[in-house]
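What follows is a single structure, and I will ask about it in a moment.
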């Protein structure tokens, strides 16, 4: 990997990758609309908004891969999501089409399938059941990737990320946690694979509780190494249990599925 | 049906329904951003753009059903589709949520699954393979309907319309044609059904060639009466055949799948 | 068909078959624990309870087929269902095993799958979701038939009957109605088929609204001739509509799924 | 259709097509290793064996379609089937590759799936269960067609023919019969379809008893018009019934599945 | 877990849980119709028959969970199974409904699917194929659990137990063995899970040979630790091999599927 | 295992088994049409061609198992494959039928499903998509095994071998490699299993990248021990990467799918 573009590089996921991929890629090009720490060696830092198509075309120039994290990262107003996630993601894919068609990672989310029930194990063919406008924006992003693959031959992998934090902080994350290390290795695996086509992979570590089945994605060669289990006692002490039929427990999406309309 | 709102009422589909549903609904409320023929008896005509949320809230007031046709009806620039189809469709669903939660028909399209191959019969579980940004906007609309059903209990039916015209005008339409009469009866069936949940139905007549399987939707009680077959000779005379592996023949989406990027 | 045993012959279904199969079978042996009209020509009438195993063994002697309708025909106390439906059905199958292994029709019910939602079309592989103890007794009967086929080579067909009445009397029956004529012809088809193995077939006429898919059973050669549609106006006038999310509308089982515990 | 090659033209199927397609194709080129009636107008008759590759290359020259019927048509010695069906079918496909890649119809057979049980309805994904070496040769032919499509872009349709005779002559054919007229129309439909890819279709008329599901092939626009039902009385009078568990009844393949090794 | 009721506590499975769960639950309430060792600390011992509904209602009072093992544990007369397993299981579920709706574990069995063939791997959607009246009683119990979940919101897990003994004692158990330790941990996992809905899980250890697929149940967080493999030499020395097509080898249910009618 | 016949014993796979199974079987009978090292203790070496049926009948006499490796092991002329693989494999199965019906291992290949795309994980139900005439010969062999099982009760396992070499030598083999040790243990597992029916298993080690899913075959008790991963650096240094859409990367079959017709 010579030059990798990371959008949303100032956020939690972006920070993990900036650290984790340093040295692995020859150059990291880091973009965010927020300010970021200054560029280190082999880094390029470009502040700016993905809603600016000219900027995006500049960002995409000469890169061999794009990890597209830059979007609204949780529920928000429709207008904010429309502007940032819908428009920004289109800009990324279309700029890639106009450039050298680098392989794209799209940071999708379990919230694209958040209204399935916890006891239903989901594989690659689970119907979309978004639990939020945020989740709808992820359905959109995944289908945009399918479109750019089918029509223009741009490879992409949509990662339906569970919960990627330094450690799990509530009971739900005992199942959905994706360790930073496992996330970093997943990105490396995706860019090392001889071919990814247009794929989807669930992003969770080797937790004891598992809701999602990644067997369809075993061609990527990614095998998680971490487990949320060693944090169980701490998490359970801090987060009181809820009733089994509380919507935040009932659904894959947890609290996203349980709350009402964001703008109310 | 007391009062039915039809958006996009000035277009081809809207005109069909305006005529076909007159007398069936007590009142038709007709909206388009284009000018329309003046209101007849039992009609209300409201010109205006669905991007105006206040207008949409007015439109949705007191209606028992919404047939949402109002959006960009073919490929266009991303910004036009974003503005009209993404924003407008959100406005319709969210206004319905704030009102009495009328049953909604969403005019989806075969272009949401347009990159499947002609020889592959598609049922309700066919993965999305949009053939255009237009098709992506239909994936979005269907998943928005799923979201509003799962979280807010708003019923909707997404109709993946084939080709709804007075008669089929090219060879592809011999398979994809939905006669105006069958379309009108489908709308009546949807609003007569005791329950629709959140469903999808393919919109094509009883044509000799069939690409889509509606057996999952037989609970709606709709059975097409027309067939494109009686137009075959005329169509074949007017539209020369293409090679079997021409992309416009290869894919469900026809020419939509065959062309390049709209904005180029 | 020389001699056919019909259990539950005094009930509604039994009366339909007694009339409809006269002349088709050489002899009808009719059993019920209730009194029945006296035997006509080519009829044998045997009153008695299927909980009496010796009686059942007598009934089964020398018959070429058994249509087993004799059980509690709607929700009741557990003890009544246990006694009549569980014990009686076992007696019928085990007596058949000890006799010449006649082909058995088991009158199952849509209430074995009554907790599925109306908008979900069900085929042969639909998971059991009984809506009542009555429905549980039908799951039991179907699995008993499977057992007697796998271990002892007794053929049987479980008919998941919708609503078999002279005409549909409520809105739900517009979808679930099985006309008496179609029911009679189904029985004839089952006994005319060269082989039935251990099969299940849904029992509904060619109604406009369809919830169940019988394509797996097309080898039986049964095609319904009637439709509930001609009764629609009358039914809709007599039976006011309900809210789409009323449990009696939401579920296949209708009111069975909507009510609480029978014994309360 | 300008010029259609029919191999095996002297056999039963070939004779049906020779009559049925006269006038529809501009020229019929008829091949068989047996003698045939002399060429009529718009016919070319070429006697010779498909095991002769040079001959096959001559046959395929300038044709727009090939209906490949020429092979051993029932169980035979392995060596005969190897020579005729395996080698001959390869010659046909490979000659087509070297020529203009005409669309090919391969006369497959229900005996490729003959060891499934009668009560199991089979669609396009039924696993192969050949009931004879003859059936194995059909599996081979279908997979050869898949290979030539995937690697060389030669379209083909494998027809799993039931029983194509002037009328059904035994009880099994009441389900498996393909009327000559329906067969002819199927061939026309295949060559009229804008695209067939590499497909499989079951060949049976609209018989009351149905074992096979052609819904996947509805894109071909073929709908059978005939039914074996009008011959039922005659057939049942002539062919005594068998026990339901007789292997000739138990399996789709009928007697083919019931008999032992041909060479014994 | 404050108070857990175990029915059938005097049997093999019950004894394993009594030992294994001591200390994990605050109180164990132990019931059996047979005599049991006297109550230890934090134990309540209640002898009595589950056919006595008043007793069952007493047993269920104030418990937080029920592990329902109490039934006929192998093939027996129909009347014995009807009385004990059918009636007793109903009493347990219905008493739970009338009480605080504690989470229920139902000890189901592989004999509910015992007539599948050994080479067919079974997951959650395997059709029921009971190999005995005992197996039929397990189908009944599972469907009763589904009913009480769908109508009354009582969570339950049906465990299709393979062979739970101190060690495997015949060749079949090399595949079906569930170690006591794994069984105990499975129970703990079920009661620790935030939600179980109405689920099924296969009960076997991490044996080298595997017939059942538990991937659908990975949300429970149970991972077996033991394997029958270390007993292989001993078992194979003691249990001579059988022919591959011996019914006791052919079927999942082993000897249960191979024997005739219990009452003969 | 008393006496095991290995055909193709002089080839790469044969040599692996000759070494690996020495001592495990009482006697190895080794056949090849090429010369082989002289018989060691407990070995019988029989040179000769499988196209000679009398020879094959001699070979099969008194054996308890047959590992049939003897065929053309890569793409070749149709006539060579027809003679060796089609005829030879028939001879092996039919000689087994005439003898004591020993359990047969058929060395199938991933090239029977070689035209699937790399990103599509394949399980037991993947449709055949052969990438060569060699691959077609494997489809044939697998269906021949099904036929001999269904009609004559001969057990067989088709192993779809990936790449069985001392170590992986190109990038594709990082996914497809089957270590010699794992191959030997797979053969032992197949002959140790109480029953295999007619099964298929993919032959690859526990490589990091996995394209095939063997969960259906877990009843065989085979678990690979090796991984290609330790050879990665060496392989990647020696074999330059290719474009992701190069046919040799795109398809499971690798170069077999990428090349044209062998005889050209």
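Order of writing sets the labels: A, B, C, D, E and F. Residues in every chain begin at 1.
Basically, contacts are C-beta pairs under 8 Å (C-beta built on N, C-alpha and C of every residue); 3 or more make two chains touch, one makes a residue touch a chain.
Not measured: the values here are computed from a predicted model.
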### Message
If you apply the touch rule, which chains end up adjacent to both chain A and chain E?
### Response
F
### Query
For chain B and chain D, what's the span in angstrom between their mean Cα positions?
41
### Query
Just how far, in Å, is the C-alpha centre of chain E from the one of chain D?
52
## Note on the structure
Expressed in whole Å, how far the mean CA point of chain A lies from that of chain B is 32
### Message
Multi-chain contacts only, two chains or more: what residues does chain E have there?
### Response
215
### Query
Drawing the touching chains as a network, do you get a line, a ring, a star, a complete graph or other?
other
### Chains touching one another, given as label pairs in label order
A-B, A-E, A-F, B-C, B-D, C-D, C-E, D-F, E-F
### chain B residues within the chain C interface of the complex
103, 153, 155, 193-199, 215-221, 223
## Note on the structure
Note: in the complex, chain E contacts chain F through residues 117-119, 121, 171, 175, 208-211, 213, 215, 241-242, 244-245, 249-250
### Task
Could you please specify the touching residues of chain F with respect to chain D in the complex?
78, 82, 86-87, 90, 94, 97, 115, 125, 127-133, 135-136, 139-140, 143-144, 146-147, 150-152, 257, 260-261
